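Here chain A shows up in two complexes: once beside chain B, once beside chain C.
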Partner chain A sequence: MSMAQKQDLVIFSDHSVLSRELFSKDLHHVLFVTHKLGTSPSWLINALVETQVLGFPATLNESHAAAVNRASNRKITDSKCATVASFIHNRGFFTSALKKLKVDAECYNIIDYMTDFVLKNYGKPASKVLSSLLEELSNESATSELLILEQPELLVHLLNITSDQLHLELINPLIKKFPLLVVVSYTEAYENVPSDSNEKLSSDMIEQIRFCNSCFFKSAAVLGLKPLATGHASDVSGTLTITRGGASLSHLAVHVVENEYLFLTQKDTTKLFYR
Partner chain B sequence: MSFRKRSEVLGAPGGSPRVLSRGAGPNRTPQQPPLARGITPRDVRSVTGGISRLSVRNTPELSPVVTKGLELDASHPGIRPSPATSQPATSTGCRDLDKTLGHMGLPIGQTLLIQEQGTTDFSSVLVKCFAAQGIVHNRVEGSNAFVHGNTHLVVLTLNQFFAKELPGVYQGSRKDVKRSKVSLTESKITVQNTLESGAAPKDLKIAWRYGLNDDSAKNSKRSEADLDTYPNYSHAFDITSRLVPAPTSAELTLISPNQPLDAVLSQLQTVFQRHDKKLIRVVVPNLLHPVMYSPEYSQLPVIVPLLHGIRSIIKKNSERAVLISTMSSDLYSKSGSQLVTSIENMFDAAIDLEPFPQEMSQFLERVYKSQPQKIQHGLVHLMKLPLLSDRGEMHVRRSEYAFRNGKKKFEIEAWGIPIDDSEVQESKGGIENSDSSKSQTTVSLDF
Partner chain C sequence: MASSSHNPAVLLKRVLSLRESSPFILCVDCIERSASSIVEEVSREVGDSATIIYVSYETNNKPRYATHFVEGTGSEARLLDTIKSYLPSKPSPRKHLVIIDTLNLIPNNKLSQFISSMVSPSVVLLGIYHKQQPEVRPSSMENYPSSLQLLQFMATSILDCQPITEDAAAEEMLDSKIQKLVIPRGLNSPVFKLVLTNRRKSGRALTYSFQFDSRNHTYNVLQEQAENENTEDDKEVFEGLTTFNLNISNRQKAARENVALPFLEAQSFNAGGAIVYEYEKDDDYDEEDPYEDPF
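After this line comes the complex of A and B, so read on.
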C-alpha cells in the first residue's frame, strides 16, 4: 500500500473539498459525516477546517514534517473562519491538533460543549438549553461560514428530548444561519440493528435511527468513515465513502462526486488511496 | 560548560552584546556591570554578583517549558512519558495491560472502560490492581505519604469494604518470603540474637558456600530486570494477599453512585479541589451492576449525563486525572439497544474480556497438561486505545490477545490456538502405521 498512489480528497465536481459555489449565494447546505468504532473523524474535521481556512486540505496526504515545512508558504484565504462545536471533545483536543497542523488560531473557533455542560445545564428545561445553544452558535455566524457540530445526537440523551425536537429546535435553525453546516455523528449503533425484525427495538435506538435518517435527507453529501470489514490491517485504517445525500444540488453548477477512498492514519498524518 | 570571552557581559541574555568600554554608556545598567580588560577587585565582586544573578534568572526561564500540570507531577513515581506519544502516563497496576494500551500505562487525562462478557469477574482483578497501584505510589515516600501523598483514589461504589479488598504487593515466591522473614527476625535486637551473634561467622561461611550471602549480585540482577529509570512505576500484586495497612480516608474517597447525579458530580469535584496537587485515580467498578445502580440508570437519559459529567471533570483536570471503569456487557444487549455503544463512546479507550467457554478451557487444560501455568482464561478484544484511536488510528483488534489470571499477575499475551499433541501423535501414529505396513518388506536399520 505504501507504493500505491495517493489521491487528493475531492467531494465536489470542481475538484474541491468545499466548493466555493456552496458559499457563493445566500444558500444553506449540510454535510453529514458518519463514523464508527475505530475510525475517529478527527482527521477529517481538521481537513475540513484547513480547507475552509486555506482553500484546500494542506496536510492531508502529506507526512507531518513536509506539512510543517509547507506551512510557512501558505496563504490564508479571505473567507470567513470555521467554528467547531463538540459535545464529546474539549477545546484542547482540537486546538492541539490544529496547532500541530500549523493552522492559525485566529482562523477557527472552538466551542467546548463537553466541559461542564452537565453541571451547567442539568435539570434545566430542554427547550431553554436548546435556545441558549442556538443563540450562542448563531452568534458565530457573523464570523464563520462553516459550522462543524460533533455528536449533537448526544443532546437527545443529555437533555432527554426526541430527535425531532433536536432537529426542529437546533439543527434546522442552524442550517438557516450558516452557509455550510457539517454534522458529525457516531453511527456505531445504527448498523447494529438486529437482522431479526421481530425483535423489538428500544426507544433510544429508534431515536438514533430517526436522527441519522433526518440528517441523511437534509445533507447534500454524506461522508462515511468505517473500518474494513476484515478488521485491523497495518496498511489501511478504513474506508471513506462519499455519497450524495437527500438534498439536491441542482441549483448549483457543481455536484457531489461519489467515490470511495481507502485511508491510512498514522502518527498525525492521513493518506488517501483509491479503492 | 562553556567559556565566555572576557569582553562578554555575564548575565546578558545570550551573552552576545559586547560592552567594550567601562564608561557609563547608555547600555550600562547597575544589574549588568560590564567587564573590561583591566579587572579590579570591584569588578570581581560584580562578576560574582552577576553569576549569582545568572543562576536566579535562569530558573524562571526553564519553568515555562514545563506546563502547569506537569510541574506537580514531575517527580511523581507513578508517571512516565508514553513511548508512543511522549505524553505522561501512569501504570494501571498490570504491566501487560500497560503494554497493551500502547503507552506503557494509561495516559493522564484518559479514561478506560473494561467490558466483560459472561458471568466471570476478571475485570475486578484489573480494577483492584489499578486501585492498589495508586495507593502504593502514594506510599512510596514513606510515612509522610498518609498526609502529604502524591496520589488519591476515588471509587464510585457502594462497597464500603473496597479498601480492605485491595491486593498487596507481590513479595516473591514462598521461599523468598520465608528468607526475608528470617532475615528480618535476625536483624531485630533481641536477647537470643545477641547470644547467637558469636555463631554468626560460622553461619556466614555456610551461607557463603551455598551462595546465600551473595545478595549484591541478586539485587543488581533485579534492578537490571526492573526498569532502572522508573523503579516505582509499576508493581506486581498478589491477589491472594491484602494491602496492609488498608487505605484510609486520607488516601481513598468512596462516593456512592446511588444518589442524584449532581451530588455525585459535586462530590467528585470536591475531591479534585481538596487534593489539588495529587494525581487522582478514579475507579468506577461494575458500572450499571443491578446491585449498585438503580434500574433507571440503565436508561440513556440518566447514564449518559452521568458519564458525560464525569468525563468533563476528568478532562478539566486532564493533567492529573485518570479513570478506569468496568462493566458487564452481557447484562445489556448490544443489538437492538444503544446503551453499550453509547457508554463505549464516552470513554477514550475500551477493551473487552471474553472468558473462554468450557470446551475451550478443557481443550487448553488437555494441551497444557504438563504446563498448567500456560493455560489462558479468555480473549482480550481491543476496541479503542487511548489517544491513538481518538486521532483516527484504527485499533479494533478482536481475538488477537488472550489473558491469564495468576496469583501474582494478570497476563495479556498474543493469542494463538495451541497444537494438541495427542492429536498430532494420533495422526503421526496413523502415518507410522501406514508406513510400517509398507516397511515390512524393507530391511530394518540398525542403530
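After this line comes the complex of A and C, so read on.
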C-alpha cells in the first residue's frame, strides 16, 4: 500500500468536498455518514470541519506538515463556522484533534451531549427535551452554516420515542435551520437483521432502521465507512464509499461523484487511496 | 382503453401526464433507486396544466414546479386540513396534483382514511412509499394488512422503481448489501427499471416493465422478456396435470385480453345501474304483454 498513490477526497463534481452550491440561499441539504464497528468516523468529521473552515480538507488532501503550515498561515474566510454536536464523544475529544490540525478554535463549536445529557434531562418529557435540544442547536445557526450531528439516533432509545418523532421534531427543523446538516450514524445494527422477514425484528431495531433509512432518503450524498470484508489489515483501516443519496440534486449545478477509497488511519493522520 | 393496453409506452406517458384516469398513483421506491426522478418526470409531463401541491416530510427545498409547498407534520388531521385548503371545494376543470414525498410517516390505521379523503375527480394523489422501511405492528393489528399492502390495494396505478441488475445473482448480492446498509456505487442512477401496474375499471391489472432514462426522458419497454418467462411458467404449471391441453396460444391469449367484460358497460351508467339487454334474432317480443318487458 505504501507504493500506492495517496488520493484527495472529492465528493462533488466541482472537485470539492463541500461544494459552495450546497450553501446557496434558501437551500438546505443533508449528508449522511454511516459507519460500522471498527471504522470510527472521527477523522471524517474532522475533515468536514476542516473543509468548512479552510475550504478543503487540508490534512487529508495534503501532507500533514504542509496542512498544519497552511492552517496556521491562513486568513479567516467569510464562510461561517461549523458546529459538531455529539452524543458519544465529549468536547475534549474533538478540540484536541482539531487543535492538532491547527484549526482555529474560534471557527468551530463543539456541543457535548455525552457527559451529562442524561443527568440533565432525567424525568423530563421527551417532547420538552427535543424542543430544548432544538432551541440550543438552532442558536448555533447564527454563526454556523454546517451542523454535524453524531449519533442522534441514540435519542430514540434515551427518550423512548419513535424515529418518526425524532425526525419530525428535531431532524427536520434542524435541516430548515442549517444550510448543511451532516448526520453521522452507527449502522452496525443492520448486520443483525434476520434475512427472512421483517416480522421478526424487535421494535428497537425497527426504529433504528427507520431512522437510518429516512436519513438516506433525505440526503444528497452518503459517505459509508466500513471495515474490509477480509478482516483487519495493517496497511488498510477500511473503505470509504461515496454514493448518491435518495434526494435529488437536479436543482444544483453539481452532482455527487461516486467513488470508493481505501483509508489508512495512523496516529493523527488518515490517508486515502483509490480502490 | 384497449388501445392503450397495446402500447405500454403510451399508457405510461398517459399515467405520468395524468391523462389516464388514475386518481391515486402510488410510487414505490427503495434505497437502490429513489422515486425523486419519477416525481420530477411527472411534474415535467404535467407542466402548467395542473396545480401542484408538494407535501414534504423529507426536504425543505421547495421544488421549482410546486405551486404550493406544505411541510409534513405529525398530525394527519392538521396536514389534511392544510392540503384541503389548497384543493377546490367543488369539482374543477383544472387538475390538482398532490405529491407526498413519503407516505411512510402516516400511521397504518389512518392511511386509508387519509388517502380517500383527499382524492376526488379533479385531484390526483401521487404518493411515494419506501418499501424497505419496516413498520412497528402492534399485536392488536397483527392480522391487519401492512401499509404497503393497503396502498397497493387502493392505488389505481403503481410505479415501482428498481435498479437495473445484470442477473438474479447480482440482484441477490445487491439485496444482501442493502440489507446491511452497505450502499455500493452505481445506484440511484438516471437509468433504472420502472414497473408500471395500471388497474382498469374492471379491476384487472396490466403490468409492464420499462427501462427509464430520466436524463433523456425516454422509456423503453422491457416487457417481452417477462412475457416469455410468464408463458414458460404457465406451460410448466399445466404440464402433466391432465390429458387435456390446458395451454393457450399467444393468439388466443391476445384475443382473451381484448374481450371487454360485460360489467364495464354497467359502470358507465350514472346512477343506480340498469339492465343491459340486447335482442337476438330469435327473441319473440310481444309489445302488448306487460310481463314481456325486460326493463
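What we mean here is this: the second predicted complex is superposed on the first by the 259 of 275 C-alpha atoms of A that agree within 3 Å, B and C clash if a C-alpha of one lies under 4 Å from a C-alpha of the other, contacts with A are read in each partner's own complex, and residues count from 1 in each chain.
The rule we apply is simple: a residue touches a chain if its C-beta (ideal position, glycine included) is under 8 Å from a C-beta of that chain, and two chains touch if they have at least 3 such contacts.
These numbers were taken from a predicted model, which means no experiment stands behind them.
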- Item | Partner chain in contact with A:201 - chain B first, chain C second, else both or neither | both
- Would you check which partner chain A:266 touches, where first means chain B only, second means chain C only, and both and neither mean what they say? first
- Message: Touch test for A:83: chain B only (first), chain C only (second), both, or neither?
- Response: neither
- Which of the two partners, first being chain B and second being chain C, lies in contact with A:19: first, second, both, or neither? neither
- Message: Going by the contact rule set out at the top, does A:51 touch chain B (first), chain C (second), both, or neither?
- Response: neither
- Message: By the touch definition at the top of the document, which applies to A:117: first (chain B), second (chain C), both, or neither?
- Response: first
- Task: Classify the contacts of A:59 with the two partner chains as first (chain B alone), second (chain C alone), both, or neither.
- Result: neither
- Task: Mind working out whether A:158 is in touch with chain B, chain C, both or neither, as first, second, both or neither?
- Result: first
- Give one of first, second, both or neither to describe whether A:248 is in contact with chain B, with chain C, with both, or with none. second
- Note on the structure: Note: overlapping chain A surface for chain B and chain C spans 193, 199, 201
- Contacting residues of chain C [partner chain A, same complex]: 29, 31, 34, 36-37, 40, 57-61, 63-64, 71-74, 102, 104-105, 130, 132-137, 176, 179-189
- Query: Touching chain C in the complex: which residues of chain A?
  - Reply: 26-29, 34, 162, 164-165, 167-169, 172, 175-176, 187, 190-191, 193, 195, 198-199, 201, 203, 206-207, 209-210, 212-214, 216-218, 222, 224, 226, 241, 243-248, 250-251, 258-260
- Query: Where on chain A is chain B touching in the complex?
  - Reply: 37-44, 88-90, 92-93, 97, 114-119, 122-123, 151, 154, 157-158, 160, 186, 188-189, 192-194, 199-202, 204-205, 208, 227-228, 231-233, 236-238, 265-266, 268, 270
- Item | chain A-facing residues of chain B, complex | 261-262, 265, 269, 299-301, 304-306, 308-309, 311-312, 315-316, 318, 334-339, 341-342, 344-346, 383-384, 389-398, 400
